[in-house]
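First the structure, then my questions, so here it is.
Per-chain residue numbering starts at 1, and chain names A, B, C and D are given in the order in which the chains are listed.
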């Protein structure tokens, strides 16, 4: 399968000499894959993402995105990448929703009319056409995130990068946002990289998970089902298991045995029925 | 029991004519009680808290904190209230941790030495003495929160108000922070009001819960166990049930029956064993 | 008090148009330079400083005089001596729409405050290099810049209004007559003239520069001290918490140090 | 009155003045400005001012607030008038009317027209960098305004600043503003990063009118 992102062991040293080293295994994102980076705050997730986006360059190691070094040649690949940063507020330029979504098309040389058409189309696809004339700073947190996502996807990129997309949202909005991401990614067939510290949600969208520890070494990889049941690993990464996983661990310790490793409520009900 | 906060049906109209009406039942916080305000974002939790802190005054209704109207006479009670608001990042003023914690004592007329002593004592109590000379700006999210809490409690207030104290923290830091709050509140015997949208965590610290809906009417009150099992109510408040509650609801729908309503993993294991 | 809080309608046409022309020329040159030196990225910092200047005005200062923070020298220190003009122009423009200052005087205003920011920048750079005392340098630089800009303001107001009686129509004509008389007067009529002129002086509306000066200085002095100490505290804070914002000054200082050591 | 509040009225107000095209409003302002600057007859100026007050009365925008805003320049006008020898009533009135005419019309404008609309109308004759600065300033204002609100609330809740300890209070405010400056600069850096990632190509990023 075509590899979109390839990172071999790399190291980054910040000006204040904090060293972030992400080694152990290769970090690879293939075409169409949804990858989650899970780790505690301050564990190097954002650093990794900044390298993918060419905002930082590693002291050692190599990073390839669409086959090029993003730090040196981001311009070549920037059209193929859509980004939603942690603090969406700082990424929305506005003034109105429509104009904000039109930003990228206009900057990539599309005409006013074309850009407008593209923006309207994506807003409709997102079900937020009614917001189009609203001024950005009067939107709610959840709405802002949707607009940022629309702005990132308006040019139909091949890779979507989301940094902590759920922080500050309530559970209902989180779920809504995840559903939107899942739906859109399926429709557009794009690869996704999401960084998050939310162990509860990660199983709902990721095909592959990477654990990043606060000791700043990238090393564990696997499907959510595999990784979330690695009790010891999670502890090493100072992460808590999701509630369901914890419950089944406790039940196993009490002597029960199950055939499957459930990671959500439905699976848990099935497992318990047996 | 001594009532520290008493709010009868009250209404607030924002300049833009958004009306927040919190009626239905009285909102009461007694001495030593830990109260959680649960509701979706934008549901009026922060509005309620702002009224308690005298930052807003209601269009209708009455608010009493320590027997006085906080809007008019906040100065009389301000020493008795410790506050940590939502965006901790923007509440730490001192360049270093020590200076920040000393801020309130100095402001209330304590001498430099006294203030320093008080600050050092609370930092020790919090187990963060080693941070004392650190520059606020470079602390992690969890550390900032601890420092803000230390700053709020340095004068040993009788009431602690926390607005969305967990947003942006990873699960491990959330748990750590809750343990700290629980421990400190026990030691100092203070009443606590916490607003949150996190249904998973609420049972771990609250004696009493209030649900605040996005339709802006305060109406449901009870212990976490009672409230979290009100399936319909939670839906009305556009909240999701916690995972464990959801699991047991599903199991009950499948025909299983349980004697208890578990709200955490330990209780769930106990219930399932039977 | 360095803002020309002079409302529209006081300064004469030629003066405020001149202000606009000067600032216009400056901006055209500067915009060209920005484009050439690929400094477009700076617009982000410029706008944040403009927003900062606007917002910090609403911070209540616990002093009996109604005073608001200006941050012009700080803007100079952060943006440098030329880019500061853009931020100052922007904040002035936005203020006009909330009736805080006149639209006709934006050009002059930008000039005066921009010069204030530039002077502040250079003074700070010089003092910090020489003394290595951050609060002292920021305080003194601000104080110095404010004094100069206040004089500049007074000068501009004086230039515009010393013949204030042209202001309303009734006096306009009498002044004209008066000047004609003066121009044709000769020795013979001197006594007569002097008497007449004295009479006229008593009733003529005249802009009193001395009184304006003392008013500006009384209000100004308090403002200068407040603004200077605040700038001092702010810059010291930045130095402690995020010194890389003042990076350019640190470099200068280090070079100076090495020079001193060598000599 | 804060810019954020004004913007709210301008954006969500629904009076007939909100519906007047922006360019027409700016044209009207220009006419009032020119008249106020060049008319020397007190009565004419008085009539213009009365006319503006009438509009204010029946416009449906918050009257008292607008009126208060329009009075602000009088403080400085009076500073000036105090410095005039042998001041006569007509001269004083003349100046006051001029000032009030202009400030009232601007106050009405800003309560019925958002900054964005005004900037758009102006963007046609401003250089690229200035257009970017204006729109970006507008956006930045609202992002960092929240920060400032939070900071001020915190200071208040943690004891506030006192007039009785001026140096300590000034230092506190200095710290607060210092923090605010640092935070804002970081915000601007992140905003620019966001722009770059979204393909910003050193051109004007807002559609001109």
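Here is the rule we go by: contacts are C-beta pairs under 8 Å (C-beta built on N, C-alpha and C of every residue); 3 or more make two chains touch, one makes a residue touch a chain.
Small disclaimer: the values here were computed from a predicted structure and weren't measured.
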Other chains in touch with both chain A and chain B: D
Identity of the chain that, by mean CA position, is farthest from chain B: C
Innermost chain, taking as reference the mean of every protein Cα atom displayed: D
Chain centre separation (chain B, chain D; CA means) in Å: 38
Centroid distance [mean C-alpha coordinates] between chain C and chain B, Å: 48
Distance from the mean Cα position of chain D to that of chain A, given in whole angstrom: 40
Centroid distance [mean C-alpha coordinates] between chain D and chain C, Å: 19
Junction residues of chain D, two or more chains touched: 136, 139, 161-162, 175-176, 179, 182, 187, 191, 195
Residue list for chain A, restricted to those that touch at least two other chains: none
Residues of chain C whose C-beta touches two or more other chains: 237, 241-242
Chains grouped in pairs wherever the two touch, ordered by label: A-B, A-D, B-C, B-D, C-D
Chain A residues touching chain B - in the complex, by the definition given at the top: 16, 40-42, 140-142, 167-173, 175, 197-200, 238-240, 242-244, 246-247, 250-251, 254, 256, 265-266, 268-269, 272-273
Chain D-facing residues of chain B, complex: 15-16, 53, 55, 78, 81, 83, 85, 87, 89-95, 103-104, 106-108, 137, 151-152
Residues of chain C that touch chain D when the two form their complex: 5-10, 13, 27-28, 31, 34-35, 40-41, 43-48, 50-52, 54-56, 58-59, 61-64, 69, 71, 74, 78, 86-87, 89-91, 93-94, 96-104, 157, 164, 167-172, 202-209, 211-212, 215, 219, 226, 229-230, 232-238, 241-242, 245
Touching residues (chain side chain D, partner chain C) in the complex: 1-3, 6, 33, 36-37, 40-42, 69-70, 72-77, 79-80, 82-88, 90-91, 94-95, 98-99, 102-104, 106-107, 109-110, 115, 118, 127-130, 132-134, 136-137, 139-141, 144-145, 148, 152, 161-163, 166-167, 169-171, 173-182, 184-185, 187-189, 191-192, 195, 202
Contact set on chain B toward chain C in their complex: 95, 135-137
